[in-house]
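So, here's a batch of structures to check.
One chain, chain A, links the two complexes that follow: it is found with chain B in the first and with chain C in the second.
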Partner chain A sequence: MPSAPSKLYADDVSLLVVTLDTNPFFWSTFSVSFSDFLSQVLAFLNSILLLSQLNQLVVIATGCNSCGYVYDSASSKNHAPPTASMPALYSNLLHNLEQFVARDQKLSKPDHDTQGIVPASLLSGALSMALCYIQRAFRSGSMHPQPRILCLQGSADGPEQYVAIMNAIFSAQRSTVPIDSCYIGSNNSAFLQQASYITGGIYYKPPQLDGLFQYLSTVFATDLHSRAFLRLPKSLGVDFRASCFCHKQTIDMGYVCSVCLSIFCERHDKCSTCGSVFGQAKQDVTSANSKKRKA
Partner chain B sequence: MSKIPERPLNGDVEDDDEDEANDGLEAWERTYAEDRSWEDLQEDESGLLRPIDDTAIYHAQYRRRLRALASTAATARIQKGLIRYLYVVVDLSKAASERDFRPSRMAVIGRQVETFIREFFDQNPLSHVGLVTIKDGIAHCLTELGGSPESHIKALMGKLDCSGDASLQNALELVLGYLNQIPSYGHREVLILYSALSTCDPGDLMETIQKCKKSKIRCSVIGLAAEMFICKHLCQETGGTYYVALDETHFKELILEHAPPPPAISEYATANLIKMGFPQRAAEGSVAICTCHEEAKTGGGYTCPRCKVRVCELPTECRICGLTLISSPHLARSYHHLFPIVPFDEVSPSSQNDPHNSLLNTCFGCQQSLHTQGSKPGLSVTCPKCKQQFCLDCDIYIHESLHNCPGCESFRHSKSEIASQ
Partner chain C sequence: MSSGQVIKRAKYKTTVKDPGTPGVIKLTGEKFVFRPNDPTSHNKLEVDFRLIKSHKNTKEGSNKPPWLNLTHSQGSYIFELESFSDLHVCRDLVGVALSKHGEAAKVISEEQLSPAEMTLRIKLLQEDSKLQKLHKELVASGKLTESEFWATKKKLLDRDESRKLKQRIGYKNSLIFDTKPTSDGRINQVKFQLTPEIKYQIFALKPAVHQAFLKFVPSKMSEVDFWNKYFKAEYLHSTKNAVAAAAEAAEDEDLAVFLKDDEILEVESRKKVRRVDPTLDMEADEGDDYTHLPDHGLFRDGSKEISGAQNTLYQRTLLQDLNRQGAVVLEGKTLDMEMEPPRTVAEALARRKQGESDGAVEEERRNRISKMTQIEDLQAQNDHHFAPLCIKDPREYFDSQQANAVKTLNDSQGGSVKIRCSLSSEEAYGCLRASISNIKAIGLRDPLFSHEVAVKVLNGLTKNISSTKYHLGKNSQDSVLDILPNATKEKLLDHWVSSQELLRHFWSSYPITTQNLASKTKRLKDAMSQVYSKLEEIKISAQSDLRHQVSLVVHPMQQALDAALLHYEADIKKRNAKGPKPNGYV
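And now, the complex of A and B:
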């Protein structure tokens, strides 16, 4: 792994970019309602801003047809006026989120409603936007806050986003931005497990959602400096299986094209990605050669 | 990457053009950081000396390179030699002690080879590198072909002293012997960093060059002194490149050009399907006996999907069943070479002031305002597929590091359109 050049950070000032899963197909089938979830998340987000006056918070909504910024604590364009009953964060975020959800709904094509299958949220887009925002913070000078990404995700992985999500993960790794993930769906998310493992973030699946605020505030509110002193959840294994290019199936053994490294679940004569025609299967020659090399 | 400030700002920056590219140093301070700092100055309208505003130049250069890349990609099919077996030959004859590079050619080579090896493994995670040195007319294999950057760097740093003459033939013969054993799907390459202006060979060098050509080894040379006919001949015959470095920055540029995978030439390596296993990483607390160290280990290891034994590190070959074990992220690191994103179109500042466009006045990626950047009119670019606008900084970041268009990724429609293309 390449060691990134050391950067000068203010020790414990954070820039937290949160991606918030708003996929209506997921929330309509999930045991907890979106508003219950949101009320716990809002309390957590507010506590991030209260931890330090200098902390910065950005929220990106991850819809199933689009992604969009819904809150930026550094922006001067937070329209909604603060009311006595609600902090400015809540009113701004809720106002923008409402607009976003309505827009996202309008974008869905009628023919897209495939019965039974929950379409994945556009996590690749939200991660890409988050990384662009963080690069801007890096450009802002040598005393920038320490950035990290938190994915609040519920819907299942979209295999068609595999390449894009991996690209985002490697870019985050190169600029030493950890991706934390709090996954509330039923199975584990292999994408987020890999994202957190590769970038050095925390992957956590809360065992129950009533106390979500507690999990969020004890695990994900800690800045990177304090993490060295805490006992945070350990990784319970990472699913490194690949998905094949031909059927988008998850496989643990497969064939790899030596020219373009595309993964296939069965033998082909020709690579569908790069068009190479495969020669004779020289599997035995290969292993014999490498044994010779070791000897 | 080199733009990230490495030092804190010392002293107040009185200059009003905020030029982050200067590492936070004033032009006069940089006199001590590097030589020839006067080349970085220009005269402004009133005759005052100012540091060159190199962000604009940098961006123009980058766009030119991007266009060149895109045009070559359009003509040739996207085939890259992603599994590479590369020997780096470092000339440590006494010519390497010359001080025309600061502090010496040898030190510069050491420094840049280190950067190169890291970058190489970042871009070619399935590839192998070996190091060979030439000294006293003899070629010596410093490290065998392997995948760990740290061990190569450590070996080279311990051996940086020079003496005697250089011998191209001995080096090529040695490398030839090793590269003839590698599997047929691998791309064989040699990169020679040559300081000497002569070669002291025991036999006929021309014959060796023909042997390299026959074994399909692509030889490239970066010279540190002056152009030599024999090097040019070697590179021409074997399909490599030959350049002579002018200074350290140029040398760095030249050596890093060898980091991205070269276009795959079908006659150089045969395409093949390789059977591979993708093991899962075990939970942090689990205990198992690994096959590589043959001892009980606590903590995350990987389990071979075919015979279920534990191995400690990837990529490797299973000791029991011989399956190549790899983690899928290793493969995914190279996928951006296969699905490159198209260059963005430039938007002229005039069309940006249309009332039609006034809603889109922030960069889609980073939300930075595109209207005014200081006194200059804000330049911006748009993605031809999703029509979103981006600032120039995001443009560079997206094409150089992220390899995703945030706009295309965040609209399902544009995504499905791309898939159908």
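And now, the complex of A and C:
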């Protein structure tokens, strides 16, 4: 399909980069326990590797203070020995995940305790890491599997990451890497909806979380080539709302810089992004006219 | 004050200089009455406010006395009041009275149509049976007024209007350049016949002459002198003697103006060349003559006379003349040329020329360049592997936006409160780590999930996918309609058209700034809820095997109506809410 087919092993070999939401605050408030979620995901990851010998799998943990690679099937540093109860993939991943969580905790700022609000996971960082990995795959060696990204996300969007996430989405679009998203949180995630919509991936919010493995294996396990022949769930609605650049709030209506298209929730005299000076029109006229309806 | 009447002492003046008749003025909502103190005076007045067009008054602090000036169609009534406070009271009342009458007058004028307009509307209705049906349904039932209905159909009316353009008289397609002199043959003198039309045409053909006329005529020379000079120059041209022309020009600088090439024309022809397809390599940027290219020159006289470089200035070519003549004739004339003095003809022409702005031309040129220079080979391939950010399918887009709108409504009512996390970060991280080590110890759950769940998931996915197929298949829409019995189909289509019309009217009346709009939205809302219930009826009355399809068709219509009704309710609530009202709200 896309990007230089000669460099692909075969049309059904994929490089799957999974971002795993490990936001402790989210999981401690969510109805499904992290261990239940993780066991279903682990089974799914294993089945991805079983689909083809050449399939490659990378798992990135998305914490609320940092992100990190927790598993790479191509890496030789998978040192945890296989135990009787579980294969090497699981034990390696869990081992790295534990280390990551410990690291993430050390980075946490003390003021999070007082606020008591679930902070957003660093999805933008995870996406950037995934894209970096994919770019390396593109550049190294003569052959590479076909990449795609799968976001397993539960915590709500962090509007402050809007610009970073949109940039990641557009760079994924440019390198024709689809971003699939499986959102398990309570409301829909506007970021992931947009990410999947723009990059041509699948956005799905499984209604029944105890059957998560089945959703994952039916909807998200299919490689890009096979998708052409399958009818996969299509999301009916995409939330195109943007975050303003000034206060990082999600807005329905706002002001758009006519030069660089930066979005603001209130009138400014000067664009903070590109420095363009806006004309001084009559106040009530502008509020009626230049308030563009977003999306 | 606004309710009752005002009686003040005042002087009535017919003109500003009139000393005025002292008396009493009585103002009511409908009219004003002036009674002079002297009962024998003729200056009694009783005037309806309907006849008053506007009112003015002198400012406090200015050195003028407090005057109230009421303008009617023939002149004005001026009242000098005793003090400015009196004046303000009167002015307020007049203002209220006039605005009331003004509004009433407007409403009347809306309903009173010219017969031409009426016949046009009737004709449009006759031509378009669908429009007629819609008109009958909406206007006859009182859901919309006649003028409201046609307000959104302005395009139809305008288009018809433009068809009636009259043909204008153009120029005669004869070469003015050859205004033939008449000679009586006895003396060494020639006569030229000049009519204003010819003058006008000369100005149009030769902007330089036109400019010279504007510049020289009253100040430097008389009109007769001017035309004498002009025809002398013409004569020199007609003698086909470039050398002689050059010699004459050197002697008389005024004459040189006529003999030289027309600079303005050159600029214009350069502009014209710029309008040519920019990918075409035109070497002819020096004018629309090709004479500078060897062997393409076609001299007016056809002789092979070789003249010096400086004399070429004084040559004109037949080709140029023909081109110019053609251009002017095509441009046509837009001025009425009664027997106007040439000066005014010239000025009118100048005014017209100014109107044609260069900006638009330049803009058009740039657009053409950008269109032309897009060479297909150099464009990126169009088959994107990703979904470009554009609205491809408006229906799909609407569905999605509707979903968002409904969702945000729910969000704003309660879901927007962020989930509070009671745990400290210590505890939260501990929890997470405990779950990880839990898996590590126990391993995965042995049956990952029960088979009941698996069946549920499978059914859920299948249903989801098959329903999205119905939603998104573009052709399924038509096929669904075709399945339905004809009567239902017709009904559905009718409702669709009328609901679209109602919705258009509904949304265009926001924000509600006048009482009129408020009542209009109320009417529309009632009409829409009628349509809504009718749709509901259709849905229920449909046969059971078609019910699903019908509801699929009806659903988006009801969604659109729902959105409007919701908006109406929200707006009513907002406007009934206490507190300061935002600008413009009634």
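Going forward, the second predicted complex is superposed on the first by the 259 of 295 C-alpha atoms of A that agree within 3 Å, B and C clash if a C-alpha of one lies under 4 Å from a C-alpha of the other, contacts with A are read in each partner's own complex, and residues count from 1 in each chain.
Throughout what follows, contacts are C-beta pairs under 8 Å (C-beta built on N, C-alpha and C of every residue); 3 or more make two chains touch, one makes a residue touch a chain.
Computed from a prediction, not measured in an experiment: that's the story for all the values here.
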item: Touching partner for A:Gly237 - first (chain B), second (chain C), both, neither; value: both
item: First, second, both or neither for A:Ser52, with chain B first and chain C second; value: neither
item: Partner chain in contact with A:Asp252 - chain B first, chain C second, else both or neither; value: both
item: First, second, both or neither for A:Gln40, with chain B first and chain C second; value: second
item: Touch count on chain A, higher of chain B and chain C; value: B
item: Partner chain in contact with A:Leu97 - chain B first, chain C second, else both or neither; value: second
item: Which of chain B and chain C A:Ala164 touches, first, second, both or neither; value: first
item: Which of chain B and chain C A:Ser217 touches, first, second, both or neither; value: neither
item: Touched partner set for A:Leu131, first chain B, second chain C, both or neither; value: first
item: Chain B and chain C contact sites that coincide on chain A, given as residue numbers; value: 2, 112, 197-198, 234, 236-241, 252
item: Sites on chain B touched by chain A in the complex; value: 1, 4-6, 8-9, 20, 24, 77-83, 118-119, 121-122, 126, 145, 181-186, 264, 266, 269-285, 300, 302, 305-306, 317, 322-323, 326-329, 331-339, 363-368, 393-394, 397-398, 401-406, 409-413, 415, 419
item: Residue numbers on chain A that touch chain B, as the complex places them; value: 2-3, 5-8, 64-69, 72, 75, 107, 109, 112, 119, 122, 124-126, 128-129, 131-133, 135-136, 138-139, 141-142, 160-164, 166-171, 174-175, 194, 197-198, 234-242, 251-264, 267-268, 271, 273-279, 281-283, 285-287, 289-290, 292-293
item: Complex contacts: residues of chain C adjacent to chain A; value: 385-387, 389, 399-404, 407-408, 411, 415, 418-429, 431-433, 435-440, 442-445, 448-449, 453-454, 456-458, 460-461, 464-465, 468-469, 471-472, 583
item: Residue ranges of chain A touching chain C (in the complex, touch as defined); value: 1-2, 22, 24-25, 27-29, 33-36, 38-40, 42-43, 85-86, 90-91, 94, 97-98, 101-102, 104-105, 108, 112-113, 116-118, 156, 173, 176, 178, 186-188, 197-200, 206-208, 210-211, 213-215, 218-219, 231-234, 236-241, 252, 284, 295
